[in-house]
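Okay, here's the structure, questions in a sec.
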Amino acid sequence: MTVLEINTPYREAMINITDKIYDEIKKSGIVDGLCTIFVPHTTAGITINENADPDVKDDIVKGLREMIPNIHFKHMEGNSDAHIKASVIGSSVNLIIDNGRPVLGTWQGIYFCEFDGPRRRKIYINFV
Amino acid sequence: MTVLEINTPYREAMINITDKIYDEIKKSGIVDGLCTIFVPHTTAGITINENADPDVKDDIVKGLREMIPNIHFKHMEGNSDAHIKASVIGSSVNLIIDNGRPVLGTWQGIYFCEFDGPRRRKIYINFV
Amino acid sequence: MTVLEINTPYREAMINITDKIYDEIKKSGIVDGLCTIFVPHTTAGITINENADPDVKDDIVKGLREMIPNIHFKHMEGNSDAHIKASVIGSSVNLIIDNGRPVLGTWQGIYFCEFDGPRRRKIYINFV
(Lines give C-alpha, C1' and ligand atoms only; values in the text may rest on other atoms or scores of the structure.)
Protein backbone atom coordinates (compact mmCIF):
# COMPACT_ATOMS: atom_id res chain seq x y z
CA MET A 1 0.00 0.00 0.00
CA THR A 2 1.16 3.53 -0.82
CA VAL A 3 0.25 6.68 1.10
CA LEU A 4 -0.01 10.12 -0.50
CA GLU A 5 -0.51 13.34 1.44
CA ILE A 6 -2.08 16.54 0.18
CA ASN A 7 -2.98 19.94 1.58
CA THR A 8 -6.49 21.12 0.77
CA PRO A 9 -6.95 24.85 0.16
CA TYR A 10 -10.51 25.67 1.29
CA ARG A 11 -13.41 24.28 3.33
CA GLU A 12 -14.79 22.67 0.14
CA ALA A 13 -12.64 21.81 -2.85
CA MET A 14 -12.13 19.16 -5.48
CA ILE A 15 -8.41 18.56 -5.99
CA ASN A 16 -7.26 16.88 -9.19
CA ILE A 17 -4.96 14.00 -8.17
CA THR A 18 -4.93 12.20 -11.53
CA ASP A 19 -1.24 12.80 -12.24
CA LYS A 20 -0.19 11.73 -8.74
CA ILE A 21 -2.17 8.49 -9.13
CA TYR A 22 -0.69 7.83 -12.59
CA ASP A 23 2.80 8.25 -11.09
CA GLU A 24 2.04 5.68 -8.36
CA ILE A 25 0.65 3.20 -10.88
CA LYS A 26 3.80 3.58 -12.97
CA LYS A 27 6.05 3.17 -9.91
CA SER A 28 4.13 0.05 -8.82
CA GLY A 29 5.01 -1.74 -12.05
CA ILE A 30 1.54 -3.30 -12.16
CA VAL A 31 0.48 -4.41 -15.67
CA ASP A 32 -3.07 -5.74 -15.25
CA GLY A 33 -5.30 -5.56 -12.22
CA LEU A 34 -7.31 -3.30 -9.99
CA CYS A 35 -6.22 -0.13 -8.22
CA THR A 36 -8.22 0.96 -5.18
CA ILE A 37 -7.88 4.54 -3.99
CA PHE A 38 -9.18 4.98 -0.45
CA VAL A 39 -9.69 8.14 1.60
CA PRO A 40 -9.28 7.51 5.38
CA HIS A 41 -11.36 10.54 6.41
CA THR A 42 -15.01 11.05 7.31
CA THR A 43 -15.44 14.58 5.95
CA ALA A 44 -13.78 13.98 2.58
CA GLY A 45 -14.38 11.67 -0.36
CA ILE A 46 -13.06 10.69 -3.76
CA THR A 47 -14.70 10.78 -7.18
CA ILE A 48 -14.03 10.60 -10.90
CA ASN A 49 -15.37 13.44 -13.03
CA GLU A 50 -14.53 15.90 -15.82
CA ASN A 51 -10.90 17.02 -16.08
CA ALA A 52 -11.32 19.49 -18.96
CA ASP A 53 -13.35 22.52 -17.86
CA PRO A 54 -12.48 23.46 -14.22
CA ASP A 55 -15.95 25.01 -13.90
CA VAL A 56 -17.38 21.50 -13.60
CA LYS A 57 -15.69 20.78 -10.26
CA ASP A 58 -16.83 24.15 -8.90
CA ASP A 59 -20.39 23.33 -10.01
CA ILE A 60 -20.23 19.92 -8.30
CA VAL A 61 -19.06 21.52 -5.02
CA LYS A 62 -21.82 24.13 -5.30
CA GLY A 63 -24.50 21.60 -6.26
CA LEU A 64 -23.65 19.27 -3.37
CA ARG A 65 -23.69 22.20 -0.95
CA GLU A 66 -27.19 23.21 -2.07
CA MET A 67 -28.45 19.59 -2.00
CA ILE A 68 -27.86 19.24 1.75
CA PRO A 69 -30.98 20.46 3.57
CA ASN A 70 -30.72 23.50 5.80
CA ILE A 71 -31.97 21.75 8.94
CA HIS A 72 -30.87 21.40 12.55
CA PHE A 73 -28.18 18.75 12.96
CA LYS A 74 -27.24 17.26 16.36
CA HIS A 75 -23.47 16.80 15.91
CA MET A 76 -21.88 19.61 17.93
CA GLU A 77 -18.88 20.09 15.64
CA GLY A 78 -21.20 21.76 13.12
CA ASN A 79 -19.85 19.82 10.13
CA SER A 80 -22.63 17.27 9.58
CA ASP A 81 -23.04 18.54 6.02
CA ALA A 82 -19.46 17.40 5.33
CA HIS A 83 -20.14 13.93 6.77
CA ILE A 84 -23.25 13.57 4.57
CA LYS A 85 -21.33 14.66 1.46
CA ALA A 86 -18.56 12.15 2.31
CA SER A 87 -21.08 9.27 2.30
CA VAL A 88 -22.89 10.51 -0.81
CA ILE A 89 -19.62 10.75 -2.79
CA GLY A 90 -17.97 7.70 -1.23
CA SER A 91 -14.62 6.83 0.32
CA SER A 92 -13.02 4.92 -2.54
CA VAL A 93 -12.81 4.53 -6.31
CA ASN A 94 -11.71 1.58 -8.41
CA LEU A 95 -9.45 1.91 -11.42
CA ILE A 96 -9.00 -0.93 -13.86
CA ILE A 97 -5.32 -1.25 -14.85
CA ASP A 98 -4.82 -2.58 -18.36
CA ASN A 99 -1.41 -2.85 -19.97
CA GLY A 100 0.18 -0.69 -17.27
CA ARG A 101 -2.32 2.16 -17.48
CA PRO A 102 -5.62 3.00 -15.76
CA VAL A 103 -8.46 2.86 -18.29
CA LEU A 104 -9.99 6.26 -17.61
CA GLY A 105 -12.25 7.81 -20.22
CA THR A 106 -11.07 10.76 -22.32
CA TRP A 107 -12.65 13.36 -20.05
CA GLN A 108 -12.18 11.63 -16.70
CA GLY A 109 -9.90 12.79 -13.92
CA ILE A 110 -9.60 11.63 -10.28
CA TYR A 111 -10.57 14.14 -7.60
CA PHE A 112 -9.99 14.23 -3.87
CA CYS A 113 -13.12 15.90 -2.46
CA GLU A 114 -12.53 18.08 0.60
CA PHE A 115 -15.70 18.98 2.47
CA ASP A 116 -14.29 20.33 5.76
CA GLY A 117 -10.88 21.83 5.09
CA PRO A 118 -8.43 23.31 4.78
CA ARG A 119 -6.54 20.32 6.20
CA ARG A 120 -3.65 17.96 5.62
CA ARG A 121 -5.19 14.75 4.19
CA LYS A 122 -4.09 11.24 3.31
CA ILE A 123 -4.86 9.01 0.33
CA TYR A 124 -4.21 5.24 0.33
CA ILE A 125 -3.49 3.40 -2.91
CA ASN A 126 -3.60 -0.37 -3.23
CA PHE A 127 -3.12 -2.80 -6.13
CA VAL A 128 -4.39 -6.34 -6.60
CA MET B 1 -10.59 -6.29 -19.76
CA THR B 2 -13.79 -6.46 -21.77
CA VAL B 3 -15.58 -3.53 -23.39
CA LEU B 4 -19.35 -3.38 -23.95
CA GLU B 5 -21.11 -0.67 -25.93
CA ILE B 6 -24.70 0.46 -25.54
CA ASN B 7 -26.95 3.12 -27.01
CA THR B 8 -28.91 5.13 -24.48
CA PRO B 9 -32.43 6.20 -25.47
CA TYR B 10 -33.09 9.51 -23.67
CA ARG B 11 -31.31 12.32 -21.84
CA GLU B 12 -31.84 10.44 -18.56
CA ALA B 13 -32.35 6.69 -18.38
CA MET B 14 -31.41 3.66 -16.34
CA ILE B 15 -30.61 0.76 -18.66
CA ASN B 16 -30.69 -2.77 -17.24
CA ILE B 17 -27.39 -4.43 -18.21
CA THR B 18 -27.63 -7.40 -15.83
CA ASP B 19 -27.93 -10.04 -18.57
CA LYS B 20 -25.03 -8.56 -20.56
CA ILE B 21 -22.82 -8.64 -17.44
CA TYR B 22 -23.84 -12.23 -16.64
CA ASP B 23 -22.86 -13.23 -20.18
CA GLU B 24 -19.42 -11.66 -19.78
CA ILE B 25 -18.87 -13.35 -16.42
CA LYS B 26 -19.78 -16.70 -18.00
CA LYS B 27 -17.49 -16.08 -20.98
CA SER B 28 -14.60 -15.11 -18.67
CA GLY B 29 -14.64 -18.53 -17.01
CA ILE B 30 -13.94 -16.90 -13.63
CA VAL B 31 -15.02 -19.06 -10.66
CA ASP B 32 -14.24 -16.96 -7.58
CA GLY B 33 -13.16 -13.35 -7.43
CA LEU B 34 -14.19 -9.80 -7.95
CA CYS B 35 -15.76 -8.21 -11.01
CA THR B 36 -15.40 -4.44 -11.44
CA ILE B 37 -17.72 -2.68 -13.85
CA PHE B 38 -16.45 0.78 -14.74
CA VAL B 39 -18.10 3.57 -16.74
CA PRO B 40 -15.55 5.77 -18.57
CA HIS B 41 -17.88 8.79 -18.83
CA THR B 42 -18.41 11.90 -16.70
CA THR B 43 -22.15 12.34 -17.29
CA ALA B 44 -23.14 8.73 -16.67
CA GLY B 45 -22.83 6.27 -13.79
CA ILE B 46 -23.58 2.73 -12.73
CA THR B 47 -25.69 1.38 -9.88
CA ILE B 48 -27.37 -1.73 -8.52
CA ASN B 49 -31.08 -1.47 -7.74
CA GLU B 50 -34.48 -3.17 -8.13
CA ASN B 51 -34.98 -5.30 -11.24
CA ALA B 52 -38.62 -6.27 -10.64
CA ASP B 53 -40.90 -3.23 -10.96
CA PRO B 54 -39.65 -0.92 -13.78
CA ASP B 55 -41.32 2.01 -11.98
CA VAL B 56 -38.44 2.00 -9.49
CA LYS B 57 -35.85 3.05 -12.06
CA ASP B 58 -38.12 5.81 -13.32
CA ASP B 59 -38.57 7.02 -9.73
CA ILE B 60 -34.80 7.03 -9.18
CA VAL B 61 -34.26 9.12 -12.34
CA LYS B 62 -37.01 11.51 -11.25
CA GLY B 63 -35.82 11.69 -7.64
CA LEU B 64 -32.22 12.45 -8.66
CA ARG B 65 -33.43 15.13 -11.07
CA GLU B 66 -35.38 16.88 -8.32
CA MET B 67 -32.52 16.56 -5.81
CA ILE B 68 -30.17 18.71 -7.90
CA PRO B 69 -30.73 22.35 -6.93
CA ASN B 70 -32.07 24.74 -9.52
CA ILE B 71 -29.15 27.17 -9.31
CA HIS B 72 -26.81 28.93 -11.71
CA PHE B 73 -23.96 26.67 -12.79
CA LYS B 74 -20.79 28.00 -14.47
CA HIS B 75 -20.04 25.15 -16.92
CA MET B 76 -21.08 26.47 -20.35
CA GLU B 77 -22.22 23.12 -21.75
CA GLY B 78 -25.29 23.34 -19.50
CA ASN B 79 -25.03 19.76 -18.25
CA SER B 80 -23.62 20.32 -14.75
CA ASP B 81 -26.62 18.46 -13.29
CA ALA B 82 -25.46 15.36 -15.18
CA HIS B 83 -21.90 15.68 -13.82
CA ILE B 84 -23.24 15.97 -10.26
CA LYS B 85 -25.46 12.91 -10.70
CA ALA B 86 -22.49 10.96 -12.09
CA SER B 87 -20.48 11.62 -8.92
CA VAL B 88 -23.43 10.96 -6.60
CA ILE B 89 -24.16 7.58 -8.23
CA GLY B 90 -20.52 6.65 -8.90
CA SER B 91 -18.45 5.36 -11.80
CA SER B 92 -18.10 1.71 -10.80
CA VAL B 93 -19.70 -1.19 -8.99
CA ASN B 94 -18.15 -4.32 -7.50
CA LEU B 95 -19.65 -7.76 -7.93
CA ILE B 96 -18.46 -10.69 -5.86
CA ILE B 97 -18.13 -13.81 -8.04
CA ASP B 98 -18.78 -17.04 -6.15
CA ASN B 99 -18.87 -20.42 -7.85
CA GLY B 100 -19.00 -18.81 -11.32
CA ARG B 101 -21.91 -16.48 -10.55
CA PRO B 102 -22.23 -12.91 -9.25
CA VAL B 103 -23.87 -12.93 -5.82
CA LEU B 104 -26.61 -10.39 -6.48
CA GLY B 105 -29.64 -10.31 -4.19
CA THR B 106 -33.02 -11.60 -5.39
CA TRP B 107 -34.27 -8.16 -6.42
CA GLN B 108 -30.98 -6.65 -7.61
CA GLY B 109 -30.15 -5.74 -11.19
CA ILE B 110 -27.23 -3.75 -12.64
CA TYR B 111 -28.08 -0.45 -14.29
CA PHE B 112 -26.12 1.86 -16.57
CA CYS B 113 -27.27 5.37 -15.59
CA GLU B 114 -27.42 7.85 -18.47
CA PHE B 115 -27.68 11.46 -17.36
CA ASP B 116 -26.87 13.33 -20.60
CA GLY B 117 -27.97 11.18 -23.53
CA PRO B 118 -28.96 9.90 -25.89
CA ARG B 119 -25.42 8.77 -26.69
CA ARG B 120 -23.29 5.76 -27.55
CA ARG B 121 -21.60 4.69 -24.30
CA LYS B 122 -18.93 2.23 -23.16
CA ILE B 123 -18.75 -0.10 -20.17
CA TYR B 124 -15.48 -1.71 -19.01
CA ILE B 125 -15.51 -5.05 -17.20
CA ASN B 126 -12.55 -6.43 -15.29
CA PHE B 127 -11.95 -9.55 -13.21
CA VAL B 128 -9.44 -10.23 -10.43
CA MET C 1 -17.30 -15.56 0.52
CA THR C 2 -18.71 -15.03 4.01
CA VAL C 3 -22.31 -14.08 4.85
CA LEU C 4 -23.31 -12.06 7.91
CA GLU C 5 -26.90 -11.47 8.98
CA ILE C 6 -28.21 -8.57 11.03
CA ASN C 7 -31.57 -7.34 12.29
CA THR C 8 -32.23 -3.67 11.69
CA PRO C 9 -34.19 -1.79 14.37
CA TYR C 10 -36.12 0.95 12.55
CA ARG C 11 -37.25 2.04 9.08
CA GLU C 12 -34.04 4.08 8.74
CA ALA C 13 -30.89 3.33 10.70
CA MET C 14 -27.12 3.19 10.33
CA ILE C 15 -25.79 0.09 12.10
CA ASN C 16 -22.11 0.01 13.05
CA ILE C 17 -20.71 -3.30 11.72
CA THR C 18 -17.02 -2.42 12.08
CA ASP C 19 -16.26 -5.01 14.78
CA LYS C 20 -18.10 -7.76 12.89
CA ILE C 21 -16.06 -6.99 9.75
CA TYR C 22 -12.78 -6.92 11.72
CA ASP C 23 -13.63 -10.37 13.12
CA GLU C 24 -14.21 -11.76 9.62
CA ILE C 25 -10.95 -10.27 8.34
CA LYS C 26 -9.10 -11.88 11.26
CA LYS C 27 -10.82 -15.24 10.67
CA SER C 28 -9.98 -15.12 6.94
CA GLY C 29 -6.26 -15.01 7.69
CA ILE C 30 -5.74 -12.54 4.82
CA VAL C 31 -2.55 -10.48 5.16
CA ASP C 32 -2.57 -8.12 2.18
CA GLY C 33 -5.35 -7.53 -0.31
CA LEU C 34 -8.78 -6.09 -0.84
CA CYS C 35 -11.95 -6.77 1.13
CA THR C 36 -15.26 -6.06 -0.60
CA ILE C 37 -18.37 -5.73 1.53
CA PHE C 38 -21.55 -6.06 -0.54
CA VAL C 39 -25.18 -5.52 0.45
CA PRO C 40 -27.59 -7.74 -1.59
CA HIS C 41 -30.61 -5.47 -1.02
CA THR C 42 -32.20 -2.64 -3.01
CA THR C 43 -33.46 -0.54 -0.08
CA ALA C 44 -30.26 -0.64 1.97
CA GLY C 45 -26.65 0.41 1.43
CA ILE C 46 -23.25 0.49 3.06
CA THR C 47 -20.96 3.39 3.89
CA ILE C 48 -17.91 4.42 5.89
CA ASN C 49 -18.28 7.38 8.23
CA GLU C 50 -17.61 8.70 11.74
CA ASN C 51 -17.53 6.13 14.55
CA ALA C 52 -16.97 8.54 17.45
CA ASP C 53 -20.04 10.73 18.00
CA PRO C 54 -23.26 8.71 17.38
CA ASP C 55 -25.04 11.98 16.51
CA VAL C 56 -23.26 11.91 13.13
CA LYS C 57 -25.08 8.79 11.92
CA ASP C 58 -28.42 10.24 13.04
CA ASP C 59 -27.62 13.45 11.15
CA ILE C 60 -26.75 11.45 8.01
CA VAL C 61 -30.07 9.56 8.17
CA LYS C 62 -31.93 12.83 8.70
CA GLY C 63 -30.02 14.69 5.99
CA LEU C 64 -30.62 11.95 3.40
CA ARG C 65 -34.32 11.86 4.29
CA GLU C 66 -34.64 15.60 3.70
CA MET C 67 -32.61 15.46 0.45
CA ILE C 68 -35.15 13.21 -1.27
CA PRO C 69 -37.78 15.40 -2.92
CA ASN C 70 -41.35 15.18 -1.70
CA ILE C 71 -42.81 14.29 -5.10
CA HIS C 72 -45.16 11.69 -6.53
CA PHE C 73 -43.38 8.39 -7.18
CA LYS C 74 -44.88 5.63 -9.35
CA HIS C 75 -43.66 2.51 -7.49
CA MET C 76 -46.73 1.20 -5.63
CA GLU C 77 -44.82 -0.15 -2.61
CA GLY C 78 -44.32 3.46 -1.47
CA ASN C 79 -40.61 3.02 -0.68
CA SER C 80 -39.03 4.76 -3.68
CA ASP C 81 -37.18 7.08 -1.30
CA ALA C 82 -35.39 4.01 0.11
CA HIS C 83 -34.39 2.83 -3.39
CA ILE C 84 -32.99 6.29 -4.21
CA LYS C 85 -31.00 6.39 -0.96
CA ALA C 86 -29.63 2.89 -1.69
CA SER C 87 -28.21 4.08 -5.04
CA VAL C 88 -26.91 7.37 -3.61
CA ILE C 89 -25.04 5.59 -0.78
CA GLY C 90 -24.03 2.52 -2.83
CA SER C 91 -24.16 -1.25 -2.44
CA SER C 92 -20.52 -1.95 -1.58
CA VAL C 93 -17.38 -0.58 0.04
CA ASN C 94 -13.76 -1.54 -0.45
CA LEU C 95 -11.32 -1.98 2.39
CA ILE C 96 -7.60 -2.21 1.79
CA ILE C 97 -6.08 -4.97 3.97
CA ASP C 98 -2.49 -4.26 4.97
CA ASN C 99 -0.55 -6.50 7.34
CA GLY C 100 -3.72 -8.33 8.40
CA ARG C 101 -5.75 -5.22 9.22
CA PRO C 102 -8.11 -2.94 7.25
CA VAL C 103 -6.55 0.50 6.87
CA LEU C 104 -9.45 2.58 8.14
CA GLY C 105 -8.79 6.13 9.31
CA THR C 106 -8.88 7.00 13.03
CA TRP C 107 -12.50 8.17 12.95
CA GLN C 108 -13.86 5.75 10.36
CA GLY C 109 -16.37 2.97 11.04
CA ILE C 110 -18.33 0.77 8.64
CA TYR C 111 -22.10 1.20 8.63
CA PHE C 112 -24.91 -0.90 7.20
CA CYS C 113 -27.53 1.64 6.07
CA GLU C 114 -31.13 0.50 6.47
CA PHE C 115 -33.62 2.62 4.54
CA ASP C 116 -36.76 0.43 4.66
CA GLY C 117 -36.66 -1.65 7.84
CA PRO C 118 -36.97 -3.10 10.30
CA ARG C 119 -35.87 -6.27 8.50
CA ARG C 120 -33.47 -9.19 8.61
CA ARG C 121 -30.60 -8.31 6.23
CA LYS C 122 -27.55 -9.97 4.74
CA ILE C 123 -24.00 -8.71 4.19
CA TYR C 124 -21.54 -10.48 1.87
CA ILE C 125 -17.79 -10.26 2.49
CA ASN C 126 -15.17 -11.23 -0.06
CA PHE C 127 -11.37 -11.15 -0.13
CA VAL C 128 -8.96 -11.00 -3.06
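Chains here go by letter, A, B and C, matching the order in which they are written, and residues are numbered from 1 within each.
The working rule: contacts are C-beta pairs under 8 Å (C-beta built on N, C-alpha and C of every residue); 3 or more make two chains touch, one makes a residue touch a chain.
All of these numbers come straight from a predicted model, not from anything done at the bench.
Between the two copies, subunit B and subunit C, the Cα superposition rotates by 120°, quoted to the nearest 5. Interface subunit A/subunit C: under half of the residue numbers present appear on both copies, so the contact uses mostly different residues. If you average the Cα atoms of subunit A and of subunit C, the two centres end up 20 Å apart. Residue positions of subunit A touching 2 or more other chains: 34, 67, 88, 90, 94, 128.
Here subunit A touches subunit B in the complex through residues 32-34, 47-50, 53, 55-56, 58-60, 62-64, 66-67, 88-90, 93-96, 98, 103-108, 128, going by the rule given at the top.
Listing the residues of subunit C that touch subunit B in their complex gives 1, 34, 36, 38-42, 67-69, 71, 73-77, 80-81, 83-84, 86-88, 90-92, 94, 122, 124, 126, 128.
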